Amino acid sequence: MTAGALAKAEVLAEALPYIRRFWGKTVVVKYGGNALAADKGAAGAPETGPETGPETGPAAAGGATPLQSFAEDIVLMCSVGMRPVVVHGGGPQIGALMDRLGKVPEFRDGLRVTDAETLDIARMVLVGKVNREIVSAINVHGALAVGLSGEDANLIRAAARPGGLGFVGDVEVVDPTILERLLSQGLIPVVATIGADAAGQAYNINADTVAGAIAVSLGAEKLVFLTDVDGLRADPSDPASLVRTASAGELELMVERGVAGAGMAPKARACAQAVRGGVGHAHILDGRVPHALLLEIFTDEGVGTMVTK
Amino acid sequence: MTAGALAKAEVLAEALPYIRRFWGKTVVVKYGGNALAADKGAAGAPETGPETGPETGPAAAGGATPLQSFAEDIVLMCSVGMRPVVVHGGGPQIGALMDRLGKVPEFRDGLRVTDAETLDIARMVLVGKVNREIVSAINVHGALAVGLSGEDANLIRAAARPGGLGFVGDVEVVDPTILERLLSQGLIPVVATIGADAAGQAYNINADTVAGAIAVSLGAEKLVFLTDVDGLRADPSDPASLVRTASAGELELMVERGVAGAGMAPKARACAQAVRGGVGHAHILDGRVPHALLLEIFTDEGVGTMVTK
Amino acid sequence: MTAGALAKAEVLAEALPYIRRFWGKTVVVKYGGNALAADKGAAGAPETGPETGPETGPAAAGGATPLQSFAEDIVLMCSVGMRPVVVHGGGPQIGALMDRLGKVPEFRDGLRVTDAETLDIARMVLVGKVNREIVSAINVHGALAVGLSGEDANLIRAAARPGGLGFVGDVEVVDPTILERLLSQGLIPVVATIGADAAGQAYNINADTVAGAIAVSLGAEKLVFLTDVDGLRADPSDPASLVRTASAGELELMVERGVAGAGMAPKARACAQAVRGGVGHAHILDGRVPHALLLEIFTDEGVGTMVTK
Amino acid sequence: MTAGALAKAEVLAEALPYIRRFWGKTVVVKYGGNALAADKGAAGAPETGPETGPETGPAAAGGATPLQSFAEDIVLMCSVGMRPVVVHGGGPQIGALMDRLGKVPEFRDGLRVTDAETLDIARMVLVGKVNREIVSAINVHGALAVGLSGEDANLIRAAARPGGLGFVGDVEVVDPTILERLLSQGLIPVVATIGADAAGQAYNINADTVAGAIAVSLGAEKLVFLTDVDGLRADPSDPASLVRTASAGELELMVERGVAGAGMAPKARACAQAVRGGVGHAHILDGRVPHALLLEIFTDEGVGTMVTK
Amino acid sequence: MTAGALAKAEVLAEALPYIRRFWGKTVVVKYGGNALAADKGAAGAPETGPETGPETGPAAAGGATPLQSFAEDIVLMCSVGMRPVVVHGGGPQIGALMDRLGKVPEFRDGLRVTDAETLDIARMVLVGKVNREIVSAINVHGALAVGLSGEDANLIRAAARPGGLGFVGDVEVVDPTILERLLSQGLIPVVATIGADAAGQAYNINADTVAGAIAVSLGAEKLVFLTDVDGLRADPSDPASLVRTASAGELELMVERGVAGAGMAPKARACAQAVRGGVGHAHILDGRVPHALLLEIFTDEGVGTMVTK
Amino acid sequence: MTAGALAKAEVLAEALPYIRRFWGKTVVVKYGGNALAADKGAAGAPETGPETGPETGPAAAGGATPLQSFAEDIVLMCSVGMRPVVVHGGGPQIGALMDRLGKVPEFRDGLRVTDAETLDIARMVLVGKVNREIVSAINVHGALAVGLSGEDANLIRAAARPGGLGFVGDVEVVDPTILERLLSQGLIPVVATIGADAAGQAYNINADTVAGAIAVSLGAEKLVFLTDVDGLRADPSDPASLVRTASAGELELMVERGVAGAGMAPKARACAQAVRGGVGHAHILDGRVPHALLLEIFTDEGVGTMVTK
């Protein structure tokens, strides 16, 4: 009997109380487009920056480890009885295709305008590319993942966001029926954040906001944001100012004061709204750490920021 | 009581035996990419031609009637207890995007080669555009349609087609579990014909072949091809030679003799294989006729070609 | 493609929203004994008249169309997912058998007295003859209808109506359990309006009243009276005074004022009580119009009188 | 503690093995029209005689004990987990109504001809009178019995018996679905032996034959004939020749030799066919003995004739 | 037909209303250790030796009949649809084994102290001996009984009784889930009254108290104590003072006044608490009377004391 | 992020394929009485000790860790979707109580004779002591374990082993119904190996044999023997001769040749019979290694001997 074997047994035995605690619990995980872009070997701008980072395309070299590692974590959660739901964005990938098509982004009052063509491109990329890659990475382990757009079975009812931004939408209501059904069959929904209004018109919606709304609609135990930073910082430029835990109120105060940083604000707001809406805990983790999800869920190791009610 | 009212009542009463006969029966409907392209006002080459017909893009003007009419038919079938499954291709739409991206098709021995970038484009268009438009058109009537790629829950296991054509695949096996589950919940699966192998690699697969394989795996009552011709002709150039009914054997003979026409051959082969595989009847209908599906299913009006065992 | 075919397709497509709206909804249909008598070629007095109209017996010649047409309508409703319940009377048929047996009706204060022998005759005719004929007409289309008397599984608990009228009863309580069970199995209950008290004593009960009470107990979406007049008239003798829609209150006022006409009063009262008791709408239709039920339910054609809350 | 109390406890304890053995088992009981006629105080011809015995009508005086006692037995069987099905005839009652209507029976080659009017009368009496009285007697104990005609849900598919006898039918096939459903809900089906052909035409069928066919279709554990004799006699005129047990073969031999007696022959044939068709045992009991069913089923007391395979 | 046969039929028919009234009802029966000791002839079989427990008990005569008779009663209750639960103690049997092991009971303030070794002995005897004998006696009739300790599936959560008595426990909470599951499968739980605290420490608990707590947790219809006296007496020394019925309040008053007698007090308190907690009726019966349970439940014969709310 | 955290995440990720492979699979684990004796720090003879022959187990160390560690493993298996069944013996504990009671073992032809008193003692110890301790150790983690004797719900039908050995039994048939039901509710059956014959007479049965028979009856994926040796040795005295894998045939050959060692023979025979009877694999592990079960099931670390078909 090697020492390594005994150590392995200890880790498994230590995971027992966590496995039992989360059995049957729903966890919504927001997986950022940057993580996927990084996965492909593309440098990728920080997710909080403009969505125009270069991508070297399907031929991109480099290790696929981050996405594969993420897929393993999701499958393990599923295997021990949890009910994970993946929600994803795809900013860098949308930017890359627009770039290739010579489509010049248009801004109004500093916000990107989404015309019909841009929406078409965003939908193709989110539903037909990013979503597919996540589904494929999971399904290597078995017939588990099912890709969904918010348009499927009227999952996300959207409305145009005021301000003449075109087909940028806000979540009006989430109907989680199709998610509940897939989860009850042991399947893992992977959701691209396109919504539709009653007339069938599609809208592109902020993925952080959708993740929070879905977590509330499912009464999830946890909402987890996998980002490319190490968590929320009291001072965005100071790694030592990482916030370990915060209440919804504290978080909202930070957003108001502007300390959360540009790209972090929607995540912080979504966390605060989720825990107020009944979600047990919300987390902002560093998705670049291998198996960050497993560490957060099955061990006492603290990673990133936890938001409580 | 107007004469019109009485006539309406008669039509409904006459539909009764058909409604009862097909209650709970599964019908797989292949909806061609050309039909959708036409829907957008694009002229579109005949589906049997090369997949490079011009498309005027999302801004294309024109009536949306054909897709809306098709969606109504599918919803009516669902409403009277049938279990429709939609399978679709998207050749013209793929060609249009490749064109815009300046991607030049490559051919080997007369067959198009699908490199990684072409596959990426095909998948974006099929899953992220064509599939979405069909789902949206149906869901105007309620939370009914769920878009699927063959990668979801390992629906279509594919293998590379021999011949150095790149990521062009053949159906290895269909696992209809996810379809059965959605159907049993009253939902309408809409399937984009991308498959994956065990390692998660995606392949583009001929939609006619996929439709046939899915119909067999579900033990469907009917397999219906909605095309842009009026049916199978003994002489492709002679409208008067329309074949009303044919057996699987007769069909295969026609394909062998080459009379079926280029684009019609895979449909004819899929029909023959489907009825041999247990599907009740296969049909090749003219999708340009409004409500062609309803006429075929709920009345005695003959439209197109019917294939029997 | 003939113009007729296109027109057929249009009618089916137009029925779609109605089919979807009424899926799974319960509809209680009162089918009068007069309609059945007419069916047999017997002239039959208007249902609102005395119950002694001549009947030429089983050998009566003539078309069976009205009953067959009614049966088709009920089966079509069932086929598209509705849950129809048929309630019927049988005044003319009871009168005919009494006549043949030389039984002279006895009246007290203008109301017919039902002695034990009369009850026996009424029960034989309602349960053993009228009910059977309706069940048979439906079951030509499949194993669908099940005949019930209110005595079965204690469906209708009755009490003697005060006034020394013998075995004429009032509905005390309806236990719809057996109806719910048959409906949940896709079967069509056909109810003869005999009730029983706790000691097992049977009573003859007004069929209009029973239809209303059953509709309320089932929380039905609709209660429909198929009569041999064209609806409720403000002036019974003036066809032009047909009332298209009325509220429960307006209806009760009409009954109070006596304008509803003798035979129409119990129907009008039952309609008013039903909509007050939670039934969506109540209708008084002309059962002589072929497929009147289909027109009312699946088209915008207005037939007869509709009562709303 | 009285001796009576102890004796009571012993009887209950002794019934235990029988209760356990028959839990969940189906028992088809044929209840003869004569028993019911007797119940009404009418003398009634022996059931084996012509069906024309006088009946004094609904006003007949006398104790209702036999029917009440029979109903108690059926309810007790149901209460301890058995699944009883009652099948009944009604010869004397049919004869009485024909008599009152002045309808003269017509015979051909010694067999009664059933014209349309006779069928109408038979159906009214069986379904609308005899069936009702049995249902009522049972339902005094709770919402248990549901009356059925063989026409309901296509329970009994019939065909005309050859020989120009009119609407006298033979059983073509029994569809026990509706019986299974009612039994699975703890309800007691009471079946009047009218059948229908595919066109909806009704036929009167021998109740003994129907009881046997239903027992076989349900895979019943027992088939019991309650008659007004003490069992099958080797010599019909000699009470001492009562046959206690017989095999199917022995029974058929007795019928062939004519020793079974006129009215007993169809019962004997039905018993033989039933045990050959998979029914556990068939019994011919004396229904005049109070609680004869309970004695046969729950004690070792032998009553009547038992037929084994 | 013998008179005995008729009498038997009468007893069965008379049991009908009781069988119907108690169908599906739960009855908790406390079976005392004395009854079982008596069952063995009490004469010091090797297994027990002289019975020196503090309970005096009657000098039980005879063989194993009482346990077998009890088992028959429980099985009959189960067979007619009731849901019996057996709870048992085992004081005499525990005392006998302690004696053989030379273990001297220790008392504090007149109460027996249960040290770890005594607990071990009590648990072995209750779970490994008394429980087994009851289970075996029942299972002679089929696969019916399942022995349980309160430790199984956390059925009885216990806490140490204050006062330094060692491992004597009080019921903290009953989780009836495992009982409900076994009952719903037609099985008969037989419960030994050992409980456990959250840390897994076992405690011996008074069986009368446990029986009452289980009855309340199951919402039982009846709680029955089978004892070795004829019921509760107003004057313990006067058989003529047997109390036939008492309310919870009257019972508590008797306990307070001390008239209930030493061994009867916990039973009386348990009865009072049970009916206050929602149990329909509580009974104290003389278990020495053969089939006392059957007489109480299925006949009008009064045996012992009945407690009502 | 510490290196320890990363290592933990790796172990969890590596367990993934094993967790997925064994989801829903049944594993029968035989837990020896020696392990439990060791657990208590009790000297206890080696399991094969006074009862039959020497077992070379090392001197068991003290502390309650082994049982707690075993309980954790069983609960973890349950938590990740496996269905564990525990079967146990208790030789040392039985010997200890017999010793205390001054009961001298009797042998016939070298085999222990089990008289009624010895059976009584064995049953008390197995069901009332060993079984309880295992159940308690598991239920610290939740309401999971339910203790069973083979007598419960007729789980193990036994017959006397020939040879005048008294109440030593052989397994006649296993009825796994009660196990299946508990497993389907997520509960963990813990089985003491007492069986009963049709008359209710109990027998003591070899626990190794019972474990094998139960594994076969459940169609288990694995049968695991936790012993106090490191596996099966080709030469019992040479640790280096440990057999890593063996086929059923090889195992039987070893038993025949006598190399398996006295106490190991029944385990070896049970392993061989189990894999021949359809069990996937059988294992003989060293239960003294902490979490030996986890290592065998969730890692590639080889521990002990694996038997394949």
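Order of writing sets the labels: A, B, C, D, E and F. Residues in every chain begin at 1.
One rule holds for everything that comes next: a contact is a pair of C-beta atoms (placed from the backbone, for glycine too) under 8 Å apart; a residue touches a chain by one contact, two chains touch by 3 or more.
All figures in this text were calculated on a predicted structure; none of them were measured in a lab.
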item: Partner chains shared by chain B and chain E (touch criterion as defined above); value: none
item: Centroid spacing, where centroids are CA-atom means, of chain C and chain D in whole angstrom; value: 34
item: Centre distance in Å when chain A and chain F are each reduced to the mean of their C-alpha atoms; value: 47
item: Rounded Å distance between chain B and chain D, as computed from the means of their C-alpha atoms; value: 59
item: Two or more partner chains touched - positions in chain C; value: 142
item: Ring walk, chain A to chain F and onward; value: A, F, E, D, C, B
item: Interfacial residue positions of chain A with respect to chain B in the complex; value: 57-59, 97, 100-101, 116-117, 120, 123-129, 131-132, 135-137, 139-140, 142-149, 151-154, 175, 177-178, 181, 185, 187, 194, 196, 198-200, 202
item: Parts of chain F lying in touch with chain A, wherever the complex brings them together; value: 1-2, 5-16, 19-20, 23, 69, 72-73, 75-76, 79-81, 141-142, 289-291, 294-295, 298-299, 301, 303
